[in-house]
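Each of the next two complexes has chain A plus one more chain, namely chain B in the first and chain C in the second.
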Partner chain A sequence: MGANIFDPANLTGAIMTLAVLTFLIKDNPVFDLFQNGFVGLYFAYSIGLTYHSYIRPTIVDDIAKKGQYSYIIPVVLGLLVYFMFVPSLNWIARYPMSFWVGYGAGYILAFQPGSLMPQIYNTFIKFYGKASFLDNLNAILLFISVVTALAYFFFTVRKQGTAVGFAAETGRWVIMIALGAAFGSTVLYRITLFVGRMQFLLGDWLGILK
Partner chain B sequence: MFERLQVIDRRIIYVLLILVIALALLKPIGLPVKVGPMTQKMYDTIDALPAGSVLWLGMDLAVSTKAEQYPMVSVLLDHAFRKNLKVVSFAMWPNGGQIFDTLVAPVAKKYNKQNGTDYLNIGYKPGGNVALRAMVTDINTAAAGVDQNGQPLANTQLGQQVKKLTKDYVSFIVDVAAGDPGTTDYLNYVSTPEKIPMATAVVNVSVPGEMPYVQSGQYQGLMGGLRGAAEYEIMAKAPGKAASGMDSQSLGAALVVLFIIFGNVGYLTSRGKK
Partner chain C sequence: MLLAAEAAKPYLGVFAEGKFAQFVLMLVFAFIVWFMVTRAKAGMKVPEIRKINGLEALDEAIGRATEMGRPVHFTPGLGGVGNPMTFAAFGFLGYVAKLCAKYDTRLIQTNADYVVLAINEEIIRQAYLEAGRPDAFNSDDVQFMSDQQFAYAANVMNMFQKDKPAANIMMGAFWAESLIFAETASFVGAIQIAGTAATAQLPFFITACDYTLIGEEIYAASAYLSKEPVLYGSLVGQDWAKIFVFALILVGTVIANFQAKGNWLTSILKK
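Coming up: the complex of A and B.
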């Protein structure tokens, strides 16, 4: 791979990457500048993209040209949100918010149980006809783990010296193991992101990777 | 002496990590990568789709997950085009549409595939799961009639062919997701109610949360993190940046584990003295 050190895109990317990595030494103004720049760039891009690929076609084509005037209702409802910046009339902004909350809650209740149910009945022990010993062991462990982890969150029953208490203590270990696995995945994810940046710096920018 | 292991300057750890990762990239040692059952299942399912089937590719990622997810998209496109599948891409994340355009170009050139005929980039549409669900009713309306680059969907062959996100038009869904909105939205609002089989390609941090859906059969496989992408590259015989980054990732992780052990040895030693 040839070196593209002075290619504008590679050079910009390399400078921004190195600027962000200066945070590893300590927090500094260069890092803040590029971090804020990235956030600003991302939001500016999102707003521009949303306008050109959705808002403008909806208003110009659907409403103005095709006469689909019913679309004006959600447009007006959405614009009401900006009343939150007018202190004397900010109560008006609650109407679109209440609509969204109500719609969202109903939407979730309508669709989520369908995908949640298989999770519930797959939790219960399934001894497969031709399953291996390890598969059966896995099914038993899954069942015990779910029940004991749920028992940990029973805060309204007496736990000391009871079966619920023993289950809750087991559940605490199960939760710790699950959190450990999640933490391990997070660390690995961060390392991968850094590997990606190194591939860019050493390969795309400096051209010293084969 | 061991107590000092608890207070190693983090900058020393960073420098060592940089050195290990850079050396592994410059001089790969070729650590073996064994294909896991979740990635295998995903590959086999896509491989079994008949030519001409429509693969719906959710592009719910951002440039921040480039290292893990660009190789996933590239290898999925490579596999899909090699199998002569049609690919329709839709993004609930603002960067998704542009990332698809960037990644599809070299693969489309390799297999001589045409925009609008062999693949279609609906691109980013705001609204998250509401926009996604609207695709089930009518893609053209939900997308405001235009693709990622503002071109009318109705002017393309695939835009005319794939009218709805239902099993009549779409054979399989793969959501490449870096977070929310993403894979669970596809599961809740499309895959389960519309009975379209799906799989997911997620960042490493999401793998533990998504695995139960593979075990319950709700996902037909999972590509998890850089490792998953590398496994898929091996099966698709299309080695890319995922496979080449695995040495660095493995050795970097080993170094972190080593320092965790050091820290714990230091802690246990100091506790014993107290």
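Coming up: the complex of A and C.
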């Protein structure tokens, strides 16, 4: 399939990509125009999405047609937030906010610890009897990494020159090595994204790459 | 019928599979924290918290912005109220806002979540009130940018270019927008303090920011900054809870290596 420079979709994509890349030279009006256009477009899309996915189905379908009147409570709570724009009555907006904070705290307490137990007992591993010597070594490394990284996050019992201090210092190195590996893999992913954009510009749009 | 027959029987008639041990552990942690908070309230000695460089630098960053006559920017990231990192950011924001009010430095606070926006506005308003400067609070500086990740990032980039903050503080839950923020703030010469428990974003903060709080350190921030005995006691309690987990891992690993078959501690923790 040959390239089509004047295809509206390709042309729009290419102009927008190049406009965004101009930021690499310096901040400029072309970049600003497309940046603000992007923000505006997303904002309009969000309003449409929210209306069609949440507001309309809840009010028209759930409340009016199906008679699920309990849904009126969250609708009213949501509307109370708008009192923040009325200076003399903005205290009313604190009630839905309090509800949200309470809900958030409860949600964290109920669902976040769910992964704690498996994380603990999955660290109980044998250091021997695995398929190869490297697998055994890996198990030992995993154990050392977990306990030393945990020691790094002790805020009160850490003392220099003690076993906990040594473990915490080792943990710091373990964390840095892990983050270095994560950095490498993410940079690689970002380069892949950049290559994708270049393939679009030079292949799909200009047809230089086959 | 088949599903009903296969469903696991609740442990002790109440607990879903794997939840009993979790419940007991939560009670143990709650007791430890309560005990330490009670000690702190009673004025008994509580251990010192080790130095956290990122938090020590906060006064310096806001002071620098004051001297340069440029604003401070604070973002809690993309997390909502169901995210513990956002809760950590709330405590941090209160301290930052109070310092900004004290030094009469403009604080620009951007948001990607409308509920978090409303809460942050109240936190900042309260901080200005406590600092004795309610008149200096400007609600226009607490901004909702967009709930879409990259539209939010583009808007924050735009703000960096136009307002050129001298200090950029990023505390909370971040995803791929983290490097966009950090790079642009670095581009305009802002001193940067970041903190998150999102492990995928930490490497970017470490490379692009001046100070980075790693994981658990962001949860210690409120206690560390406020120096309030009750929060201090709670932090000490959390530390002891971590020591408890540390001990569990050591014991469990010893059992795994010496018990011929299975691991009785794992069986208990799976209840």
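Simple rule for what comes next: the second predicted complex is superposed on the first by the 203 of 210 C-alpha atoms of A that agree within 3 Å, B and C clash if a C-alpha of one lies under 4 Å from a C-alpha of the other, contacts with A are read in each partner's own complex, and residues count from 1 in each chain.
One rule holds for everything that comes next: a residue touches a chain if its C-beta (ideal position, glycine included) is under 8 Å from a C-beta of that chain, and two chains touch if they have at least 3 such contacts.
These numbers come from a predicted model, not from an experiment.
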Clash or fit, chain B versus chain C on superposed chain A: fit
Touched partner set for A:F143, first chain B, second chain C, both or neither: second
Per-residue touch tally on chain A - higher for chain B or for chain C: C
Degrees between the directions from chain A toward chain B and toward chain C, using C-alpha centres, nearest 10: 150
First (chain B), second (chain C), both or neither touched by A:F194: first
Partner chain(s) touched by A:F133 [first = chain B, second = chain C, both, neither]: neither
Chain B versus chain C as contact partner of A:D32, first or second or both or neither: second
First (chain B), second (chain C), both or neither touched by A:S46: both
A:T186 touches, of chain B and chain C: first, second, both or neither? both
Chain B versus chain C as contact partner of A:F6, first or second or both or neither: neither
Touching partner for A:P57 - first (chain B), second (chain C), both, neither: first
Minimum Cα separation, chain C to chain B, after superposition on A (Å): 5
Residues of chain A contacting chain B in one complex and chain C in the other: 42, 45-46, 107-108, 112, 114, 178, 182, 186
Partner chain A, residues of chain B touching it in the complex: 11, 14, 17-18, 21-22, 25-26, 64-68, 94-95, 97, 123-126, 129-130, 133, 144-146, 148, 150, 184, 187-189, 191-193, 203-209, 212-213, 215-218, 225-226, 241, 244-245, 248-249, 252-253, 256
In the complex, chain C residues that touch chain A: 18, 21-22, 25-26, 47-50, 52, 80-84, 86-87, 114-115, 118-119, 121-122, 145-148, 150-151, 154-155, 157-158, 161, 199-200, 202-204, 206-207, 214-217, 220, 235-236, 239, 242-243, 245-246, 248-250, 252-253, 255-257, 263, 265-266, 269-270
Complex contacts: residues of chain A adjacent to chain B: 24-25, 42, 45-46, 49-50, 52-54, 57-58, 61-62, 107-108, 111-112, 114-115, 118-119, 122, 178, 181-182, 185-189, 191-199, 202-203, 208-209
Residues of chain A that touch chain C when the two form their complex: 27, 32, 35-36, 38-39, 41-43, 45-46, 81, 84, 93-94, 97, 100-101, 103-105, 107-109, 112-114, 116-117, 120-121, 123-128, 143, 146-147, 150-151, 153-158, 175, 178-180, 182-183, 186
